[in-house]
Every structure is written in C-alpha cells, then in structure tokens.
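Labels A, B, C and D are assigned to the chains in the order they are written; within every chain, residues are numbered from 1.
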Amino acid sequence: MADKYTDFTLQELMAVAAAREIQDGEKVIIGTGLPLIGAFLAQKTHAPNIVAIYESGAIDCKPIFTPFSVADPVLVPGAAMQGGLVEGLGVVHAGDLDVGFLGGAQIDKYGNLNAHVIGDYRNPKVRFAGSGGSNDIGAGCKRTIVMMLHQKQRFSEKVDFITTPGYLGGGKEREKMGFPGGGPSVVVSTMAILRFHPETKEMYLASYHPGLTVEDVKANTGWDLKVAPDVKETERPAPELIRILREELDPTGIFLKKK
Amino acid sequence: MADKYTDFTLQELMAVAAAREIQDGEKVIIGTGLPLIGAFLAQKTHAPNIVAIYESGAIDCKPIFTPFSVADPVLVPGAAMQGGLVEGLGVVHAGDLDVGFLGGAQIDKYGNLNAHVIGDYRNPKVRFAGSGGSNDIGAGCKRTIVMMLHQKQRFSEKVDFITTPGYLGGGKEREKMGFPGGGPSVVVSTMAILRFHPETKEMYLASYHPGLTVEDVKANTGWDLKVAPDVKETERPAPELIRILREELDPTGIFLKKK
Amino acid sequence: MKVSKVMTAKEAVAKFIGDGMTVLVGGFFHAIAYDITHEIMRQKKKHLTICTPSFNEHADQMIGSGCVDRIVSSYVWMEVFGPLYSFRRAMEKGIPHKIEMEDYTNFSMMARLVAGALGIPYVPVHSLKGSDMMKYSAWMGDNKVKLMKDPFGSGVEHAVVPALNPDIGYIHAQRSDEEGNFQLWGITGDAPWSMRACKQVIVSVEEIVSREVIGRDPNRTVLPGYKVVAVVEAPYGSHPKNSQGYYNVDRDFIFKYIQESRTEEGWKKFMDEWVYGVADRTEYLKKYIDTFGMKKFMSLKAKDMSSGSVNYGF
Amino acid sequence: MKVSKVMTAKEAVAKFIGDGMTVLVGGFFHAIAYDITHEIMRQKKKHLTICTPSFNEHADQMIGSGCVDRIVSSYVWMEVFGPLYSFRRAMEKGIPHKIEMEDYTNFSMMARLVAGALGIPYVPVHSLKGSDMMKYSAWMGDNKVKLMKDPFGSGVEHAVVPALNPDIGYIHAQRSDEEGNFQLWGITGDAPWSMRACKQVIVSVEEIVSREVIGRDPNRTVLPGYKVVAVVEAPYGSHPKNSQGYYNVDRDFIFKYIQESRTEEGWKKFMDEWVYGVADRTEYLKKYIDTFGMKKFMSLKAKDMSSGSVNYGF
C-alpha cells in the first residue's frame, strides 16, 4: 500500500509544503488551484479547525468536492455563512485573518508581486488579470504564502509593476505604511521554499526541492539570491499525504496533474 | 352614513393634512403615530403607488394592521424587502427618497428642530430622545413634513439645541451646506399649516385650523409670525377620509384618540 | 470538530463582560437579549459604555441599575410608548449617578459600525453637519466628528465619523449552532454590522440547532462563529420585545414598565420583582406565567407565516 | 397597482442602455446576465465603460465585439481556466480597438460601490497603498485615488477612493416580481451593493414570481423595485455560468470559448455561432441542445438541496 504513494509530483510537493505553513485554528483565505488543495490537505491532517474563507463570501465551507473557482456553487450548501465580496474580503480588510495565499507573474527579492503587466503599463507586452483580491489580501492578512513558478524572468530584481506590496524596499518600509497585515512569510516556488530575513526582509533560500541544487535555484533567480546557512532539501511528502491528495482531494487529477 | 363622519378630531385633521402633502408614486420614510397614519391614508386614497419605507429596513410594506413602532413585526411579512438600518436609512442618505416626516420638542422660524434638550445641553432641564433618524432624514430627503404640538415655548425664536437643521439662519444658508435633501416644506401643527418663504426661508402661516383665528396662532408662536396674504381656514377633512381613518386605519382609536 | 461555546447567561456575562468595557447592545426595538441585559444588572457590572444606534427601555433598566457611565447612541426613548424615566433621571438629576451621552444620528452610528466591521478607519456622512451634535461632545472631544472638505473637489464639507469597534457585543437571534454561527431574520436592525464590528460577541438565541441546519441556508447567517465567544439558549429571551417567527411584542408589559418607572420607587419595585427577584430567564418566564396567566403568555406566540423554501443545489 | 416592468432583453437593452454609458455588469463568477450581455453585443452598443469588481469571459466577449472603451475593475481573467484573449488582444495590440482599464482591487471596488449605494462620498481603505495602482491612472487622473492622512490622528495615511454610481447596472438573479423586487441567494458576489449603487437597474431572472412570493421571504430581496427599470425573464440566462438552485457552471463550454478565442478568427467564429447567429436566449438554448444534446443540457440542472423554511409570523 505505502509503496504506491512514495513517488510524488512537483505539484503535490508544493501542495504539501503549503499545507505545512497553516496552523490549526487559523482563519485562511484561499484561492483556487494549489492553495486550495494545500489548505484542504491541512484541514484533513494537522489543522482540522481552520476556518476556510473565499473572497466570494463563502465562510467555513464543507464542499463535497474540490471547487473549481472561488465562486464555485459547491462552496455554498453547508457553508457556515454565505455572503458576497464584502463579507469575504471585509474580514481580510479588517485584519481578522491569519493567512492568505498569493501568486503572480513576477516577484522581487522583497516579496513585491506583479499581477498586472510585463513591459510598460500603458503599452504592455503581456497584460495579466490585475489584482483581484490579491492586493487586499496582501494588505490585510497577518501573513501571506506566495506560490510561484520559479523562472529567472519571474524572480526578478525589479518587478515591472507592483500589484501587491511585499516589503517594498525592505527593512522597515512596509511597517511604516501601517497595513493591518504583516507581509509574506514564505514563497513556495516550483524549485524551492524561500523565506524573508527578519530584519532586512530580503528573500533567502530555505530549501531546494528534491532533485535540485542550491545552484539550480540561484541560476533561475534574477538576483544574487542569499542562501540560509542551514539550507537543505525540501522535506518530502509523507505517503499518507500523497494518498489523501490523490484519492480524496483531486481524484480526477485536475489540479495536480503536472509532474 | 355620511353624517356619521362630518365631525373630526384635531388628530384626524392633522392626519388628513399630512396625507395631502404626499403625491402618488413618491418614496416616503415614515415614523410611528400620526405620520404613519397620514401616509397610510394617502396610500388608501390619492397615492396608491407610494413606496413606504421604515428606518428599520422594511421597504414597501403591506401590514395587515397599523404598526405600533418602526420596527413592529407586522411590517415584515409581505414587505418587498426587509433589511436593517443600513437599508432603511441608506436610501435616505443616498438622496433616493422624496418625503420624510419629522417632529421635535422645539422648532424655530427657519424650521430648525430640537429633539435633544430643554435648557443647557450639559445640565438639561428636560432631556429628550435625541436624533434617532431625524437628522439623517432632514439631511437626505428631498423635502420633509414636520408635525408639531403648537405651543409658544415649542415654536421658539431660538431652539435650545439644533438636532435637525431646517434652513439654519435662512436664505441660502442651507443650500451652502450641500445636503442631498432640500429641507422642510411644511409644518402641520396642532393649530395650523405653516410653510416657508421661497427666498427668506422664514416660516409663515398658510392656514389656521377650524375654530381658531390668525391671532390664536400668532399668540402661540414665540416670534412675530408672518401670515400669508391668502391665509384661510385649513381645509376640513372629507367624511370619506374620516371613515377610512376610523374604520380601517385606527379602529381601536390608539393613534387618533385625542380631541 | 469545533469546541462548543454553549453556556448560561450567568456564565457568559461573568466570563466575558468586564467593568469599564464598551458594550454594543444589539437589537433595534426587537432582537434584544434581555436575558443578557438582566444578568449584567444582577452581576452589578460597573462603568460600562453602552452603544447602539437606538436604545429602548432595556437601556433604561441598565441605567437605573447603575451599570452605565456612558452611552454612545442617537436615541434613548420608546417611541409612542413615551419617555424613559431612568434615563431622564440620570441625565437631568444624576440619579443613581450622572451619565454622559455621546450623541450621533442613527445613520452615522451605522456608518461607524459598517466602518468598524470592514476595517475602514473613518467615514464621511451628510448627517450631523449644521447640527449642535457637531458642537458638543461628551468625552470624545475632537475625535467624535471632524468637518472635512471633500478631497475629490465637490466643494462640499462633510462630517467625518470614526469607525467603532466595541470590546464586546450581544444580541438575541432566532438560532445558532454550538460554534456561534447564528442566524437572524425579519428586521435585522443594527445587525449584521454592529456584531461584525465587535471584537467579541455573545449571542443569545431562541434555539440551538445543528451546524447542518445553519449550512442549509447560509445566506441567513449574520456572523461567522469565530468572533462568537458564547452561545446562550434563551427561549423568549427577547421578551417583552419580539423575535420574528417566535413571539410578538408584549406591549402591555413595556407600557407597565414605563408607567411604573415614573418614580424611582416604582422603578425599584419593578426591578426587584422582574430582575433582582429572579435567578434567571427560566424563573422570569415562570413568574410571568404565574402573574399574567398562561393565556396571556400563549397570546404572544407567533402565528405560522412560512417563508417557503428555496433550492441551494448545483 | 404598480406597473409591470416585464419586457424582453431586446427591449430592455434598446430602451435603457445607451452608447457611452457607464454600465455595472453584475455577477461574480456566477449570476451573470448573459442574455443582456449578448443583446448589448447584438445591438452594437458603443463606447461603454463597463465596471465590476472582477470580470470573466463575458467581459472578454464584450471587449472583442467592440462595445467597450473602458473598464473599471480589479480583474479580467478566468481563474484556472486561463487568460482571456480578447482582453489581451485589446490591451496589448489594440484589437478591435485600444481600450483602457482603471485598475482597482476587489475590496476597493466594493468600497466604492458600498459608498455609492449609501450616498457616502468617498472611503479610505488599507488596500492600493504602496502599489503601482496608486501611480497609474487610465483616465480618472487624480480622481482615481488620493493618499490622505487619517484625520483622527493614527498617523497612518490611507488610500481614499471615490463613490461609484454607474448609470445603469444589470445582473441575473433567481427571481423577481413584475415590479422588480428581486431575490438572489447563494453567492451574492458584488450584489447587493453594486446594484444599489446604480442609478437604474435591469434584472434578468430565472423566474418571474408574484409579489406574494417575494413578500413571504423579504430578507432575500437585494434591491427594492423602485430602482429597477426592466425585468427580463430568462431561464438559463446565466449559462455558461451558474445560478444557485437552478443549474451548475458549464465548465466545458467556458473552456471551449477560451480555447477557440485564442485567435481572432476563432473568436469570431464562436461569436457568429453563439451570439450573432441567434436571435435571443431561446434560440441560444435550442442551439445548445441541438449541438450538445439534451443529456448534457439536463446534466447542468441543479439537484435539490432545500434551504428549509423559517417562520416570519408574529
């Protein structure tokens, strides 16, 4: 039995890493895709008492299958409360929530995120979705978990547009802004787990994913990435977690399909 | 039959006068007591399409008997919409409503109302309820109808406290404040109907109630009350209106009991 | 999985309401948690600041009992039923002690609570301006309200009021689960914003129901349970006010209170009988039935006017 | 007594949506009035400013059709389904013509709409600050957002956004009466605030019901009818989005649109088939059943998950 789940995909590794960042009893606002799978995994394992909130206003949901969108109708029946955006994001803006998930097209070394454009804002080479609730979650949640595709042009010395401030220029710059929320605590990328220095707020490499090296990660990062003295391989997912992911959370392989 | 309803009480006269001030199709926020009876009478006669709104958030109600309070549970079943204070007063504040009813302990010649104190605010001789929604209704409704007990100390040169601004010092003073609403259009008192001069905004006597004279009204007003050149007796209620009041709106005589 | 927050009113008040707190008393002419209010009086809480958009005779009882030092509200009265005499005695004569009231309007109170609920620091309103409420402040001073020019160039000055975030709030609703996910229907009054603005909430309900009942109609939920610290089951907990779908207003009883409270002695006698002389809500109801008869009690019970059901399926 | 506002989508759009208007397109990943959206496209409305907190593929269709000059929103995308190609073509290459987007966040858009609904002129928020959305404005310039010091002395500067009051709004809800008192349940998304903020509203619904049905459960009403100018009955009017209690999301159809709209030609072909090639919603549904079969159509139908009833009696 156990053998069956000793392999894992990159997506599965990331979902498990995201789940580890959530503590029991926390109030978490979750988006679709990997963050959602990660939060559900946490709820099914070490954090049964988290309160899952969606920006669509669904609070403390018990969906009978994994939702496809933050407004999936499966979220509604069985929710403790169903409102709208004002209910879903009002609690974020009020500073009530512990954890939020973020993503984007680019991130810089201070965790500032770009979800707007590549190139010039007025004449973009590529235009993306925009903030949605991302900027609100970044401003309001006590801490945020960022999930990113790790490529050199995405981990960039400078982002083309700040959609969601991380630590801005680092140091005390964010603190001075007086946001209710504290900023990003971790980046779970496709190559590594990265955290932020408590004083300088600069991102550093905490662990590289199995099969990769520190050099691989550095080579795919657009600045001279600092490395933790105790850098190590990212913890491999326990077979039981893989089993839950495959059999309970994503039986049709929609969210975790990629190797 | 008709003979039965040729007499009328002062309360009935006032309710009919209030009803006349409401036009068909208007959106009206109504309080309890006489204003409510007046609005209901208008709805049952010349203004069947008014939208009746209560600050408790009950909108377009069809109560099966006359409610005792703005939050009477009889308002709820059959209402087109039921919310709370934000729904009931939000539409007032947004400037959506045509007419609101006001009252108070004192009124001055520019229609400023006092519902707070007689005497010093900090050491009041008499303390009243306070604004409730009165100030909001005064600021937001296109026009207001004031209903008052007509006594010299209540119709005062200067009110002890401005709860709800009328025309402030008169002339363009209110206009300069930029309220969404236009101010009081009429005062229906226990002695008379009074209106406001279009330029000076000073209150004047438009009609005195049956059995009274211009001098009676002036003697009970705390300033030198101006009188309309065409001043006349207040129009007597048609018997059919009295019948509706007594048989349909207040069969137990709770609201209209006083002679 | 979640821990049950169910307890008695006595426990909830003892555990969560402290002297000197700012307490949001929920309910607008209805949905008033009299069980909690009377327990606050029995436990002789002191120096409370009570707030809500509009107060009725429940506030009058709290003021008479000496629990209250300060009121933040727009209204303390009982409409056509008349004035509240303990409130007037306190404001006019300092009986049982002088109290202060910070006067707002109904809408500006709600604006403060909406802001508090949403983490919006302050809100500009059309209300208040030009009134003497702008001039006088009881204790908030300059922080009660500011006059500020519209930064978007309309040329208009607005009264700007600060967000309100009370230490704790309480309200009476129709039903809740054990985690505090509670539902209120009919007139919502100050809710849901007043409750969302509070740091903690005690909810008193007609019935405790399963989480499944709540989840079947989640649009009716006022507040997610995580802010609720106590759930108190109190049938007829709002009496003499009403609870839509459960019982009507007891107008006779409210009128009786207002009549008897005209004098300090009358007020004390009424309180000794209906608050201090009963241990809890169960004794109160028993006394009500003993005094006014089962027929009167049953006459308050709501008739059936069903909402009908809607489908939440997908 | 009240006049019926019931009409077809064709009539409602012809009568109430004018070129150059600012239009609030209601619905958040659901409750989207596709019947109205497609009619706007068929009637070739021009120079619209469309706004809502978050847009999906319905906005992409409007943009591709050339109806839209400006967008006020925080998001134009379809989550895990992927990017919207007409939006990208317009923003990146000016196809069919250049459009402008005024970028906000989801919460700050809602703050603008709550303010608009309540007559509050502007609102300070924690969002936006420190982001480049503060720096760049498409056409609102200085009136997009201001940075303002808290007048209550916290020392914090907040981004302050102006109220939003669109000329007209439209949304798809479950039911309405003929006067436009409409009810929405499940996810409310941008509603009720977005609709309340509009000067006029067109509502498209699954079913027109009697005023009595509305009055039986008035807490579900989103907006009193007086702001509603047209009521359009459109079963499956939200397809391929969902309507809670009526039908589920048609993920295959949304995915098909996104796939086919990768090229301008593919987009045109899809539109000719599903928008320009059908006269109205009835023909659209007929075509859907002809193309994908009755079995697929029926598979979207919602299962029964009843809310249960509550008592509104007194």
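In the analysis below, a residue touches a chain if its C-beta (ideal position, glycine included) is under 8 Å from a C-beta of that chain, and two chains touch if they have at least 3 such contacts.
Values in this document were obtained by computation on a predicted structure and should not be read as measured data.
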item	value
Labels of chains that are neighbours to chain B and to chain C	D
Intersection of the contact lists for chain C and chain D	A, B
Pair joined by the larger number of C-beta contacts - B-D, A-D	A-D
Most widely separated chain from chain D, with each centre as the mean of CA atoms	B
Chain centre separation in whole Å, for chain B relative to chain A (CA means)	58
Whole-Å separation of chain centres (CA-atom averages), chain A against chain C	40
Averaged-CA centre spacing for the pair chain D and chain A, given as whole angstrom	28
Multi-partner residues of chain D (each touching 2 or more other chains)	114, 118-120, 125-126, 154, 156, 186, 188, 216, 219, 242, 244, 248, 305, 312-314
Set of chain A residues in contact with two or more other chains	58, 73, 76-77, 82-83, 86, 90, 93, 140, 180
Those chain pairs that satisfy the touch definition	A-C, A-D, B-C, B-D, C-D
Residues on chain D engaged by chain A in the complex (per definition of touch)	28-30, 53-54, 73-77, 79-80, 83, 87-88, 91-92, 101, 103-108, 110, 114, 125-133, 136, 154-157, 186-193, 242, 244, 248-249, 251, 305
Residue ranges of chain B touching chain D (in the complex, touch as defined)	27, 48-49, 51, 53, 58-60, 62, 73-74, 76-83, 86, 90-91, 93-96, 140, 180
Partner chain D, residues of chain A touching it in the complex	31-33, 55-58, 68-73, 75-77, 82-87, 89-90, 92-93, 116, 121-122, 124-136, 139-140, 161-165, 168, 174, 177-180, 255
Chain D residues touching chain B - in the complex, by the definition given at the top	1-2, 117-120, 177, 179, 181, 196, 211-212, 214-216, 218-219, 221-227, 312-314
Chain C-facing residues of chain D, complex	111, 114, 118-126, 143, 146, 148, 150-154, 156, 158, 160, 162, 174, 185-186, 188, 213, 216-217, 219-220, 242, 244-248, 302-314
